[in-house]
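Same chain, two partners: chain A is paired with chain B first, then with chain C.
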Partner chain A sequence: MTLLPQFLLDALLLGGLYCLMAVGLALCFGVTRIINFAHGEMIMFGAYGAFLLSVHFGIDPLLSLPLVALGVALIGFLVFKLCVQRVLDAPHVNQILLLFGVGLILQNIAVLIFTGDERSVTTAYSLASDQFFGMMVAYGRLIAFAVSIGLTVGLIVWLRISEMGRAIQAVAQQRDAAKLMGINVTAMYMVSFMVSAALGSATGAAMSFLLTITPFMGFHILIKGFAIVVLGGLGSVGGTLIAAFVLAFVETGVSYYVPEGGGWAEGVALAVLLMVLILRPRGFLGQAVDN
Partner chain B sequence: MPFAATAVVNDWIISAASMVILAVSWNLAANAGLISLGHSAFWGVGTYTAVLSANKLGLPLVLALIPAMLIGALLGVLLAVITGRLRGIFFAISTLALSEGLRVIAVMTPGFTGGGEGIYVNPQLRIGAHWVAAIMVVGALISILVAWAISRTSWHFAFRAMRANESAAQMLGVRPIGFRVWVLALAGAMAAFAGGVRVWYGGFVDPGIAFDLHITIFAQIGPLLGGIYTLAGPVIGALLSVLLSEAARIWFGTQGFGLLVYGVALVLCILFLPHGIWGGLQRLWTFGRRRIRGEQ
Partner chain C sequence: MRAFRYIRHMVMGALCGLFITGGIAHAQKVIRIGAPLELTGKFVIYGSQGQRGLEMAVEAFAGTVAGHRIEVLLRDIQSTNQGAVSAMTDLLEKEKVDFLIGPIASGLVSAAVPAWRQRKPLWIVPGASALSFEEAIAGESMVFHTYAWGYGYHTGPANALAAAFGKGKKVAIIYSDGAYGRSHLPDARKHYTEAGFQIVATELVRENAADMNPALQKIRLTKPDVLVALMQTTDGIVVAKQIHVAKLGIPILVGSAFPQFQTWVDAVGEAANGWITAVAYLAGQAVPADPKYPRIFPAAKDWEAAFTKKYNREPELIDAMVYTSAAMLFLAIDRAGGGDKERVAKELRNLGVETIMGEGKFVPTPGGAVNQAFNEMFVIQRQGDKIVTVWPKARSNGQFKPIQ
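== the complex of A and B ==
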């Protein structure tokens, strides 16, 4: 049982990252009702952005994060204007397959630009760690956790307090009523798509010194994001945050306590996803969604 | 014909015929409103069943395909039963999770599947590429025939009602779960067949190859390019997509371009040609006839 404190700490730190990873996906779905299958690619571009700035200009991933987020928000803007805006009222089939295709394009652009080689960012803190009360605390993970929680709280505050945040919430609740109140619905869609992309890239930048970076990393992260968002309930930010920690605890628990758990942990998200879809598709706090 | 040319031709035939099978299978499920993002699950299960039953029981390819198709169909039935009433996005995501989950299982059970190192087909059981090509073509023809037969029965109308609105279809006396089970069993068996035959060409399988996301992409590109929900569309689209990727490979030569071309084709089709090439032609034809007859 001496593993217990270490397990709790690791799960908590992972949960913070998962929050940031899923909250962007949840925001995009909650407002536009479109699942962004290209969200994993936004994360991947964020990671590459942090990598390039760190290698070529020596900028720390934490400092380059705002810059990277801005850049990827721009990609989000282009994707929205060129593609998503045209299918807002199209059948779900078209939306799903369109964003799947967009993800495919972004992924292969990354293959062409960055090649399939694995990269990683090394910083002073990425490998440093210390002992506290018998627990190993990796500074890289601690910093990523702090950044993630900071950004997630920032998003929630922005949604609650600012004029635009509240307009976005209004659109999420009732699109037609929001329109009648004089809110530009399409503009709010665009803003939330861009913010979602920016949050995705921030996740990538925060992960850049923890994970290996490849053009294909987005897909596996995306599936975990889906598991969290579905578990929390599509469209509910609060549910998403709870679900992020639940998944982190279950995953870490499996890798700590199950023999060969490191490999099986990868499947936890998928098992959770399937089980929730079968038993309670609404998740923890979500509303029922037709179709 | 020189030997090198036949090898290339065999390669083309095998990939074209497997693309046709995948496209027909995917379109069959899509017809009933079931958008699959996990066709690699069926393909991979077919691959593994064929290889394992051949290696462990000594079955030749043609016989190994029978268990492969059965297990593929069983997976389809299982998917239909566990996803119950899930629709649209939810169904799509659960197929995605199914395929990834199977990949993790294949990696984590090395005693049975060979794990991450993969397994080879018993070399004594391997057959010439031209035989593999022939079997794949026969499979493609049969799957087209099955899709055609279904389009001639009342199932066709039941599917159309289901994809428009499953609850309303139920009101009309269509029992969605029954149709789901059948359609996914058929689609699963087809994709598993293609996977089972394909592995005889390469002779090797590992979890990454079997449950490759690319299979899922290959399965949907044909119907979308050619015309989703039509009979000829998926076939035309599948053949065209092989042509596209070959052309991209020859012109650009680097890894990534083939899939980039698929991505661009996918996006352009959904945005500007939502009924695909065949669907678009059909619409043009009806429109033209009406104009000639002086109808509106």
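== the complex of A and C ==
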């Protein structure tokens, strides 16, 4: 019982982080039907962007977030124009292999530019904490949680109320009908890909003061993000939000209440994913994706 | 006159021909060193340091040894077992090299052992501290291991802490679930127990875990005096930050290797304060030059200055370790008068040089390794901006300071 409040808090904060890891991936798949296997590298470039701006110009990662997001959105634009646009109607396996290859190239570009040294941003708040009601609250994680929730809610609102957001939703729901309504489908694909990359980079910036930045950090995050997107239902931003918190609570619960549970946490979480997919193949809020 | 000119041209032509042929013959006298290294992938930090160390060593010999040009055949093993096997097979079967240096990471070196057994060239291994590798190469006379075995990370700190704080203290261990953490765990348990400590908690975390706080909170309940973290630097950064934030109140923090790296200190900031580790090399130590080969094995400060000038950064452990290992190999080739691997192996076994890593002399180990150098480690603690050597006493320049 002593650990219960801390467990609840840790799970909540981890859920926020997971949400940010996966929401960009969910948007990209929901609209383009392409699983962006280079999404982890967008997160990695976001983290390096925040790190470089912090070290060389003293800019806090939170303040550098818009700049970093803009920069990585441009990388997303290039990846879309040079690669993704050419395989929009290709079989899924071609798209996956292409983006996996793009991810590997981006990783190695990062090795050449940044070397393989491990890095992390150190700010005053990233090492600060206080005790409230028997819980140790880490300010860095709390801030990352706030950024995550802010960006996810912002994305949902943008998709609902802006003209472009609604056009993107229309393309996601029925591409041919959207085209008949005069929506430039390719342009909407491009915008979603860029927004997805920008969200990935925001994840990287928010994680730059919590985790270790390396050229290879993206792959683990991609796998986790992919599991969350599948659990939530491919393409559903709301489902992704729910799945992120479910996975975070299961993992943290196992870590707290099972002996040496840290080693089992991910396995149990993936078992939950498997169970959900058996009982409800679309995930929590997913749409049919058989086309 | 014309005939004379003709003869002169013929002679000149013949001389030029001889010179060119000689040149070609000279160019063909090459010592080829295979270097399968982690140049990409998750252990790229090891491979890039290894590459720098090798470059420095080749430069120290001006690219030539025993009249042979040194040719380093770098192969990227991509930090994967399959990459290590492919690179070794390529170097041994296609390139037919007789000398190998690398890889560095324990798991990758172990994966390369079966490929090495095909031809058994002279193999310098400047890394791989896992005891499973020591068992795998037991009795192999062509393997030269130039780094301390894993237990060195635990015997030193355990004995040093027991001497400083007395026996009966409580130890908690947090380890990662990868090969590194798991291979260190039995040794850590054994040596801390033997030194008189009581192990009160052992907590597992996933490699690359975003949240280690659950493990840390469970450890907090056991109120340990010492926390030992067994993980690679990537996880060492996260754990150090989260320990600092969690305010666990544990006075002594020990890391397996990561606290020695400047990259780790830069990444964790003030959370680095108080961490203890065992090291085989540390930049800035007063180590004199070898009296017989001062150009190859200069004083540490001179070598470090040359390294910093060339690469615009301080050398780290693997930079120094690969430099020293390669320089010892080149010296042995020089003394053997060429690339006969049996003679070179004999010369390596007979070497005794003073290096930046300590005494460079190969001896057998109780674990079965035939040729082992640099097995001694010393214990350091990060105290603010300073690094204090706290053990052994003969080498220490300060005392342990528990974290307040």
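Some notes on this structure:
Operating definition for what follows: the second predicted complex is superposed on the first by the 275 of 291 C-alpha atoms of A that agree within 3 Å, B and C clash if a C-alpha of one lies under 4 Å from a C-alpha of the other, contacts with A are read in each partner's own complex, and residues count from 1 in each chain.
The definition used in the following text is that a contact is a pair of C-beta atoms (placed from the backbone, for glycine too) under 8 Å apart; a residue touches a chain by one contact, two chains touch by 3 or more.
Since the model is a prediction, treat every value here as computed from it, not as a measurement.
Contacts of A:D10 after superposition: chain C is touched, whereas chain B is not reached.
When both complexes are overlaid on chain A, the residue A:I109 reaches chain B alone and has no touch with chain C. In the superposed model, A:A227 makes contact with chain B only, not with chain C. In the superposition on chain A, A:N184 makes contact with neither chain B nor chain C. By the touch criterion stated above, A:E260 is placed in contact with chain B and with chain C alike. Of the two partner chains placed by superposition, only chain C is touched by A:G140; chain B is not.
Touch criterion met: A:V93 reaches chain B, while chain C stays clear of it.
Contacts of A:Q174 after superposition on the shared chain: neither chain B nor chain C is touched. Shared-chain residue A:A271: touches chain B; no touch with chain C.
Shared interface residues of chain A (contacting chain B in one complex, chain C in the other): 107-108, 111, 116, 220, 260, 263, 266. Those residues of chain C that touch chain A in the complex are listed here as 40-45, 47-48, 177, 202-206, 208-215, 217-218, 221, 233-235, 237-238, 241-242, 244-247, 263-264, 266-271. Chain A meets chain C in the complex at residues 2-3, 6-7, 10, 13-14, 17, 107-108, 111, 115-120, 122, 126-129, 131, 136, 138, 140, 207, 210-212, 214-217, 220, 252, 255-256, 260-263, 265-266. Residues 30, 35, 37, 82-84, 86-90, 92-94, 96-98, 100-101, 104-105, 107-108, 213, 217, 220, 224, 228, 254-257, 259-260, 262-264, 266-267, 270-271, 274 of chain B touch chain A in their complex. Interface of chain A with chain B (complex): residues 35, 83, 86-87, 90, 92-94, 96-98, 100-105, 107-109, 111-112, 116, 219-220, 223, 226-227, 230, 260, 263-264, 266-267, 270-271, 273-274, 277-278, 281, 289-291.
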